[in-house]
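Take a look at the structures listed below.
Below are two complexes that have chain A in common, paired first with chain B and then with chain C.
And now, the complex of A and B:
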């Protein structure tokens, strides 16, 4: 079930980003950010009680005015301030329902963006450190079987007994999609496609919980008794040149989705 | 008119001839492009020798065009002084840089001569926190107007990459990436960190870096705390810290460094790529980014893990290292992180035995490779104006490997013969750079290769302060303190002169220094006596004169001098230099000692001993070119109405 939902969500975003496959990463990120801001403001409009929010905002305006007009009367100011605090509490209550509705798609979008725009793709000149965790204890050093395809394995393999972890380095070879096979467990590494905006795997896991939908940068693997249960690849973060600075995808997303939400609220007359 | 007729007439008209000629370089026609390669420390004698050996075919091509010229250097011939002469067209009396180190004229406290940090003016203190209400500033101490302002004022694009003595970079229209003088994140000129559990390596006296003792408690893990810049937002300015966990596998002779969510696996003898670190001043609110490279020197039997000085991250610089500010970020985005500190080759790590010759050369090669990448990147997009590119590799590596060239070096015999060709290989690499510049040349491009000074051996160290004490110019009161803190051993009331910096001597004037002993009216006589005595100093081991010339600064630079200017500039003879102890004002026992530091080459001698080099596609009109002439001469290659005031125009055909 989780697996099918994951495939659906990943596929949906893959389709959504088709026009941006040959463009620099930033444009796909910008598109999703703007779309998300717009989408969220529309959800907010239809889920929230716009009339109540409008009335409450007017009341709050009145209460602020009341404070400003009666500054010489502490009792009145306190009275209005108390009302204003209560109105704010009510306002937060009104926001709760739309925020709860928005939360799940927001987290899905967040996960997808992190998977697609959070990490650099593997570079042929820069080895990536892979760390794998063996839930049932490390295999013997000489017996660990690591197979690679589309990759070069760079020795040595490092064993950390106290953590039940083994680490090694890989380098991508050519354009083929890289794959690892450790003790019979087949693992996707790095990018899942050859286009810009595809998901980039930064780790793997054999679990099958709902959390997987929110972490699409983790490849799912089949559990094998002697094989590793999870692992991660140390891929560098990506920075995007925006407005003279170099920003993380999170900063780009928050800025442009907010701008889009504000513009959407103005255009569609959404009361927030 | 038919097209053919037009072409026929046009081809015959003088205007057309001129127009056609504009595509080729004709004497006196304005150049559209000038590529200036600043090769710190390129020596005319070594260059000549390598050209004749056939190691430098491209330099030979340039030599055939404009000759191999000795370029007059600054006095003293130190890089910050010399490059300031180049930038401004004037000497230290105008640009104010007399040495790497200056001193406060009142307190005698030494400071870096090229830049200083000025803290915020107003701060709010809340408990341990210090919240600045205004920003801190970094100030460039070099004065004078850069010559390229005349070019940019006329709309001629100027790009200066790794420009020395320009940190923070001049605000203007030129594109600048700061070079020599740019500090690391700890504010020093390069401070490595060495993590080890080897008791023999743990010492408090390692300068140029810190040795940090670490321990494996049986879980094959070392917790390494990396000290970053000072946190000015906390009382007492404690260093910001990043923790790295280092997991070792002694069987595999490898380790894994886990740092801020990143893992780096390295085998013994390997260098890491640049690792980005975030130091939090206020967690999640205010942080600075730094970059460093790890080197695994040894894992078994003892951990020896070197971390390069923490460099300012060019992608997200904590201090201004480029102009415009996003220039360094653009370069880092295109090429990846690179060394931003002014002295990228870690000579201190070699001097202190933290890196071996081989390991040092690996690191120096990384620096050179990065520099070459930067150069090719800029050269490939250079279309108009002036491109200046600075290479530090010759200078710093010859400082460390002059011992392989000079049989007179105390370390000549003990240096592994494998490294005897290191200097030749470096010159050959620089020649390939010259070749790249020549390949990019079209009819409207001039190529200029220049160095700030040459090189001389540094075989014997002269303890200037000790000599002053033995000759009665200084009074040591505490013999046990003579090698300790600066001037801890001195009675100022009976001391008339002191040495500080590499070539500078100061009179302890009663009208300037705190507790100064020499009245102003006695200064002239004292300087004359000192000059005479210093120029007579001979080395008992060799019978040679130690000091070629002792220059009285006010005679050499007539006119008004700043109060921080030295009273005398010491021009050492070939083979001699002031000791490291002199530079910081201490008093070892012996006056002259063998130099046993791998830092075996020097240029901090008499300027006549170490001229620089000038190679150019343009022939010269004057026989004695000087660094101060270069700004005016380079500017003359372009069509600018007013040339910079400093220096002379030395380029034949452009000197009308």
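And now, the complex of A and C:
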């Protein structure tokens, strides 16, 4: 079920980003940011009680003005401050419903963007460290079987017995999609496609939980008794050149989704 | 869902636009509340020190920590005394027994703008310059509002070197002299002044002020309602506008609601759509929906107009009824200035109106808020009018009690107009049990009781009215009288004049009447086409007109004019010349005719008043004194409305300035 939902969501975003496949990463990120800002503000409009929010906002405005108009009277100011804090609590209460409704699509979008625009693709000049965890204990050092495709394994393989953890480095070769095979477990490493905006795996897991929907940057692998249960790769973060600075995808997303939400709120007369 | 939230990871820091903004701003609000509270506590010693220093200027020891003036416009001592005797006004009776109750002489004439101007300044009209609702433009023989001047004036705009002169609108208060609350500022005494007539535009004071009578509606008038019907009415509408309801289908209509006037002279308008499907009709304006219960007045509804590049926001109430053919009739009150987004200054400081609207919701802001014209014209029922009047009363009460709660010492003045409007429109119903007037007096008594309950031991309560009331069953057309007595002449072929003296032959006219009680001479040098020489000629003419007017009788041979005053005998001060030359005091039941007030000339001198407006106070001012009551024993000998200002100042320890003509009603002593 979770798996099917994950495939659906991944597929949906893949389709959504088709026009941006050949464009630099930034444009796809910008598009999703603007779209999600707008979408979420509309969800907020229809889920929240706009009349109540408007009335409460005005009352809070009155209470703030009450403070300003009676500055010379500390008693009155305290009284209004208390009322304001209470109104604020009520306001947060009014936000709860839209917040809960928005939270799920928001986290799905967050995960997709993190998976697609959070990490750089593997570079032939920059080895990546792979760390794998064995749930049923580390295999013997000499018997660990690691197969690679489209990759070069850079020895040595380090074992940490106390953590049931093994670690080694890899380097991509050519344009083919890289693949690892550890103790019979096939693992997709790095990008899932050859186009811009595809998901980039930064780890793998054999579990099957709801968490997977929110972390599409973790590849799902089959569980094998002797094989690794999970692992991650040290892919570098991507930085985007915006307004003369180097921004993480989170900063770009927050900025542009907020801008589009503000514009949407103004245009569609949404009371926040 | 909870599981998803637990796995939210980074998302916990940010929950999306919308709710995310809400949470961030909530946090800021919380921080601000704490910060401002601390700031207030820190600056309190400084403000207290300044206040103490200012209060040392007081000439007397104050007798009251707080003076609360409850102004009940038009509360008649005749009715009050009777109802007190009948045990119907127990709270006022208590004030009377323990403190003061007396009649309060009003100004000449006893008209609200005149009386309330004298109340606030403590001087006669000759010193504050307000003699009537309307002031004659003597050069053009036109009526204009006596207390406010609006227009455009050149003003500098932009920064050098791009500075340029543009025409900007202005609004100016024409009432002269100084209200007593302005004087209190010098003594560090704060005031809250609510809806006192003739306080528009608001003047600065130490405290808060919400303007009252003469605040215009969005169309710039003193109140014009809108009536929407499918068919054009067969008569002109005074005090309102008609707009056609365009039928869209069986249950839907559309129309345009006209708003403020643009610079090109056209009215900005918004489109409205009425849908009568279902139990309740739905009115849509500016994408907002208002549910209308058929026959019931709605709550305030916000309407936003685009006037040039500006947004002008107003509020209005709506009522949907049906005509005799079952077609919809939609009524919209005058477009009040939205107190939350005021497009003109209606309070001091400007945020005060927003503060009140934020805490208590939208409220009527127009000067004459109750729609008396709509009731006069039959556009609304008596029930709807009363509902409107009482809802305005409720709004005012909330503001007043807010001021009582927030003002620990100083002055609070609040004027309620409901008493005046209900008596104007329901006088003929009498004041017996079950009548609107009876209900109004008992409600006002309850208000007095509630107010008294909120006062401390050292607070002084003054309950007062600017004038009393009597009936108005017959109109007197003074211009017709002047015409028939050869003081006023019409051009050839003109028999009657609807308004503004159109068709009057000024080359022969010696006198004219405008406003509710005044006659002006067509004086050379003062009037546009003046022919009467100032001096002896004018004096002789005035004596002659006075003598003849006093002899005016109705068809039963009864006198209808009880007094005629020469302005120089009743007024003194620098602005006497702005007033009428003669002030006419009519007998009970008689008042200046409707069209005569604005320069019209009808067919008869004396004719019945056929309007719903059947109670009035624009008669001989001696017939309509106001009411004065207090929880403090006051000197009640020959009390006049001019005495209130010196009394309040004295109670707060301040000596009345010499120019004030009234006397303090508080006993002497306690001099500092």
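Here is the rule we use: the second predicted complex is superposed on the first by the 272 of 272 C-alpha atoms of A that agree within 3 Å, B and C clash if a C-alpha of one lies under 4 Å from a C-alpha of the other, contacts with A are read in each partner's own complex, and residues count from 1 in each chain.
Convention: a contact is a pair of C-beta atoms (placed from the backbone, for glycine too) under 8 Å apart; a residue touches a chain by one contact, two chains touch by 3 or more.
For clarity, every value in this text was computed on a predicted model and none was experimentally measured.
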Discussion item. On the A-aligned overlay, A:168 touches which partner chain: chain B = first, chain C = second, or both, or neither?
Written reply: first
Discussion item. Once chain A of both complexes is superposed, is A:18 in touch with chain B (first), chain C (second), both, or neither?
Written reply: neither
Fill in: Which of chain B and chain C A:258 touches, first, second, both or neither
second
Worksheet item: Once the shared chain is lined up, is A:234 touching chain B (first), chain C (second), both, or neither of them?
Response: first
Item to complete: With the two complexes superposed on chain A, say which partner A:43 touches: chain B (first), chain C (second), both, or neither.
Response: second
Discussion item. Between chain C and chain B, which one touches more residues of chain A when both complexes sit on the common chain A?
Written reply: C
Discussion item. So in the superposed three-chain picture, is A:5 touching just chain B, just chain C, both, or none of them (first/second/both/neither)?
Written reply: neither
Item to complete: Considering only the touch criterion stated at the top, classify A:244 as touching first (chain B), second (chain C), both, or neither.
Response: first
Discussion item. A:70 in the overlay: touching chain B, chain C, both, or neither? Say first, second, both or neither.
Written reply: second
Discussion item. Can you tell me which positions in chain A touch chain B when the two form their complex?
Written reply: 126-127, 129, 131, 141, 155-163, 167-169, 232, 234, 236, 239, 241, 244-246
Discussion item. Show me the residue ranges of chain C that touch chain A in the complex, using the header's touch definition.
Written reply: 1, 3-5, 7-11, 14-23, 25-26, 29-30, 32-34, 36-37, 39-41, 43-44, 47-48, 51, 208, 287, 340, 349, 351-352, 354-361, 406, 408
Worksheet item: For chain A, which residues are in contact with chain C within the complex?
Response: 36-37, 40-41, 43-45, 48, 55, 58-78, 81, 84-85, 88, 91-92, 95, 98-100, 102-104, 106-107, 110, 114, 210-211, 213-214, 250, 254, 257-258, 260-262, 264-265, 269-270, 272
Response to the item:
Within the complex, chain A is touched by chain B residues 219-221, 247, 249, 251-256, 262-265, 267, 273, 276, 315-316, 325-326, 329-330, 333
